[in-house]
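Same chain, two partners: chain A is paired with chain B first, then with chain C.
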Partner chain A sequence: MIKPENAVYSRTKVLTDNIMHYCPGCSHGTVHKLIAEVIDEMGIQDKTIGVSPVGCGVFAYNYLDIDWLEAAHGRAPALATAAKRLNPDRYVFTYQGDGDLASIGTAEIMHACNRGENIVVIFINNAIYGMTGGQMAPTTLVGQVTATTPYGRNVELNGYPLKITELIAQLPGTCYVTRQTVYNPLTVRKAKRAIRKAFENSMLKKGTSFVEVVGTCSSGWKLTPVEANQWMVDNMFPEYPLGDMKDI
Partner chain B sequence: MAKIKGTIVVDIDKCKGCGVCVPTCPTKTIALGREVNGKGYNYMQAVNPDTCTGCTNCATVCPDTVITVYRVKVEG
Partner chain C sequence: MEKTEYKLLKGNEVIAIAAIRCGCDGYFGYPITPQSEVMETLMELKPWETTGMVVLQAESEVASINMLYGGAATGKKVFTSSSSPGISLMAEGLTYLAGAELPCLVVNVVRGGPGLGTIQPAQSDYFQATKGGGHGDYRLIVLAPASVQEMNDFVDLGFELAFKYRNPVMILSDGMIGQMMEKVRLSPEKPRLTNAEIEERYGSWTVVGKPSTRERHIATSLELDSAKQEKFNQKLVAKYAEVTKNETRYEKIMCEDAEYLIVAYGSSARISQKTVELAREKGIKLGLLRPITLYPYPTEAIREILPQLKSVLAVEMSTGQMVEDVRLAVNGKIPVEHYGRAGGMIPSPEEVLDAVENLIWRK
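Up next is the complex of A and B:
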C-alpha cells in the first residue's frame, strides 16, 4: 500500500526538511503548512515573497522554501508594501503575531490596510507574547493569567482585549477580512480555503486581504497542547468569534 | 464489495508527541507510545493499524506535518 500513487496526504515540497523550533502542538506550525500547501497548489513558489515578524514566527523563513524578508518588530506591513509596489507580479504576504501586529505594529497594519495595499496579512492571535515568555498582549482575555497579569487581566488596569480584526474590517482598503482557527480537521481545511482566497485576491487589485487565525500557545498558557485546544474553544471563540467579517 | 483501507507513515524523528492528532482519529488507530524519539518525545504510533481508513484527519491537523497517509480500495 505504501506507494506514491496511493498517497492521499503527503508533506508539500514547499516546506523545507527543517524541524520547526515551535513547541509541540503550536498553531504556528499548522498555519505554516497551510500557507505552503496553498503556494504549492497555486504553483507560485517562485512568485511569492513572505515577510516574517518578530515573535515566535520570526524563523518562518527556515520552513517555507520561498523568498523572504524579515521585518523589524511590527513593521512587516511596511516592508510588504514596498515589496508589492516594486514587484506587482509577486504574491506578497506578511506573517504576524498578535504582539507584533496588534501592539507595537498597530500603526503599520492600520495604514497598510487603509491604503488598500494588495497584500495578504496572516495574523496569528494566541492572546499572548509567546516568544518572550508569555506576557500580556493587547488581545489577552479579561481575567487571563499571564506572566505580567499574574492575577488575571484586569480591565481597570490593562484595558480591554483589542479586537483589531473588527477594526480592520471597517477600513475601506480591505476586501476580505476573516477569522479562522486550526484545531481540528474541519477548521484546518476552512482556514486553508481562506488563505487561498486571500492569495488569489492579492492579484485582483481589490485591496488588502486579512486572515486572522486564532491559535494556541500551550507554553504561554501553561497547558498541554490538547488542553490548550479546549481552552481556546471555551475561552477564545466567545471573545473572537470565527467567520468572515468582510468579503467583497 | 470494495473496502477502503488506509495506512499512515510517521516521520518519527520529527514528531513532537503533541497529541493533537489523537482525538481526530475516528477509528482510534493512533496513540502516543511509551518509546521516545531522539528529541525525547513520546512519538505517535499506529497502535491499531488495521483500523485506519486513510481519512487524513491526523495528517491534516499535525502542526509538524510528519504524517503521510496512504489509501487503497481492496476487493472482497
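Up next is the complex of A and C:
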C-alpha cells in the first residue's frame, strides 16, 4: 500500500524544485543530492555556506537550498578561507570541477589545504571541461580524445594526468583525503558517508577535508550514460584508484 | 570624553591602525613594496587578540581579493592592500566583487610601471583605478589621500561608502604618502559589529546560512539572461549616478580669484600647493583644485570655475592620465596642458611653477 507511513525514501528538503540542467547520466546531480542529504541529516541548512565554481557546477546554487557564494574560476578555496575564518561556527564547503580545482585554481586549492582551512572540498573529477564543450582537463587521461586533444592526449604536448588528490594528501594541513565515485548504489552510499565525515570534520579544527568524486561527463566523452559509466570503470579507476588516502 | 590621540606615523602604518580602530573584521594581503608595512604592522599589533580581527597572509593577490569576496559576502568589513603589479592581479576579483555588489576596501600604494617598473612612487594607475581595471561595465569608488591624516581618515570613510553602496572602494595612494611620516590624529575606536548587528543592518543580502524564515542568499555576478543582465547593468549605472551626486569630494585652494588652475590629486596636489604659494609670491593668480574622489570625478567643480580661468594645468606623476578627465570637464573651452613626471620621479614645486609659467607665456 502506498501510504506516507510506509515510505522508505523521501526527497530531501535541501534540494530545491528547480529542474537540474545537467545532462542525462552526469555525476553532478547525484553528488548534489548527496550533499543536500548530508546537510539535511546533520540539520545544518541554516549554518552552511556553499561556494560554487565556474564549470557545470556553477548553478549548484539553483539546486541546493542553502546560502551560496559564486566564485570566479578556480578561486572557491580563497572565498571559503575567508568565509570560514570570519564565521568559524559555519560549515563552509567548495564544490569544484577538475578544470576549476586542478588547473586554473591550483594555487588556491593547494594553499587552502596547506593552511589547513577547516573547510570541506568536494572535487568532481570527470577528466574533461564539461561546461565549455569538452576540452582537455589536467586530469584527462593519456590518449583520451577531447575537443582540444582531437588525436588523444599526448604527453609530449600536454604532459600527464595531474593526480592532484595524491598531492593534497601529502599536505599536513589536510585531515581527510579520499577518492570516491557515484556510479552504483554501493558507491553512492560510500560517497555519502565520506561527504558526511568531511562535514563533521570541519567543526573539529582538524584541517581540510577533501573528497574527490570520480564522475562521468557523458556529453563531453560523447558516450551514452551507460557507456560512460563503463568507460569510467575501465579507464578512470585504474588511473584514479578509489579509496581513502588519508584519514586522521 | 575620550581624549584625542596623536601619533607620528607612516602612511602605510596608519592604514593598519585605522583599520583596527574602525572595527575592521579582516585583512588579507600579499607583500609588495612600497606597502608591506600595512600587513607587517597588523601582524605586530595582533588585533586577533584584542578586537578579534582576522589577519592572513595569502598566497597571492589573486587569493587576497577573492578572500575579500568570501568575507564581504558574509557582511564583514574586509580589506586588502597592495601596489600596482598586485592590483593588476586583483582586477579579476574586483570585477566579480562589483558584479556581486559586495563591499570591500582596497588600498593601492602606487609604484611606477609598466611591468615590474620601479618601487618608487607614481600615479600611473589612475586609468586602472577609475575606469574599472577589470572587465565589464563597473566602477570603483576611488579616494585619493594627500596626507597621512587622510590615509587614516579614508579607511573609515572607505568602509562607510563601500557598505552604503555595496561596491568596492579603492584608496589610491602612492609610495610617497605610504612611506612618509606625519603627525596623525587617530580616529576614535569603534567596536567590530556583532553578528546580530550585521544581521540587522545587512541581513537582506548576507550569505551566512539560510534560516527557514527566508529565501536563500546567493552572492553571484552570473546572469545568462541578457535582458536581466542589461537590467542589472542599468541598476549599476543608477547606483554610480547616485554615488556621483552624493559623494563627489574635492578641495579648492586659492581659487576665488584664480586665472590659472592646477588640477592635481594626492602627492601631486601636495607639491602643487607649494607651487601655488610660489606663484602667488610672483603675482600669478594660480589656484589648485584637488579631486579627493577620483571616481566620482569633480567634473562639475571644474566647470563651475571655468569662466574665470585662462588655462588649466593637470599635474600628475604619470605621462598623462587624469588630464583626460580634466579635458572632458573643460570640453575644449580653454587650453588644458599636462605636466607629468614618471618612473618614480617626483616633481618639485619649482618645476611645476616653470610649467605654469610656460603655459601663461605660450598663451
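General remarks:
The rule is short, and it goes like this: the second predicted complex is superposed on the first by the 248 of 248 C-alpha atoms of A that agree within 3 Å, B and C clash if a C-alpha of one lies under 4 Å from a C-alpha of the other, contacts with A are read in each partner's own complex, and residues count from 1 in each chain.
Simple rule for what comes next: a residue touches a chain if its C-beta (ideal position, glycine included) is under 8 Å from a C-beta of that chain, and two chains touch if they have at least 3 such contacts.
From a predicted model like this one, the values you see are computed outputs, not experimental measurements.
Contact with chain C, but none with chain B, is seen for A:Arg75 once the two complexes are overlaid on the shared chain.
Once the two complexes are overlaid on the shared chain, A:Tyr61 sits against chain C while remaining clear of chain B.
By the touch criterion defined above, A:Leu157 reaches neither chain B nor chain C. Shared-chain residue A:Ile248: touches no atom of chain B or chain C.
By the touch criterion defined above, A:Leu86 lies against chain C but remains apart from chain B after alignment on the C-alpha atoms of chain A.
No residue of chain A lies at the contact with chain B in one complex and also at the contact with chain C in the other.
In the complex of the two chains, the chain A residues touching chain B come out as 1-3, 6-12, 15, 19-20, 22-30, 33, 182-185, 188-189, 224-226, 229. Here chain B touches chain A in the complex through residues 5-7, 9, 13-14, 16-20, 22-24, 39, 41, 54, 56-57, 59-72, going by the rule given at the top. Interface residues of chain C, counted against chain A in their complex, comprise 25-26, 28, 54, 56, 58-60, 62-64, 66-71, 73-74, 76, 78, 92-93, 96, 100, 195, 207-212, 216-222.
Within the complex formed with chain C, the chain A residues making contact are 45-49, 51, 58, 61, 65-72, 75, 78-83, 85-87, 90, 107-108, 110-111.
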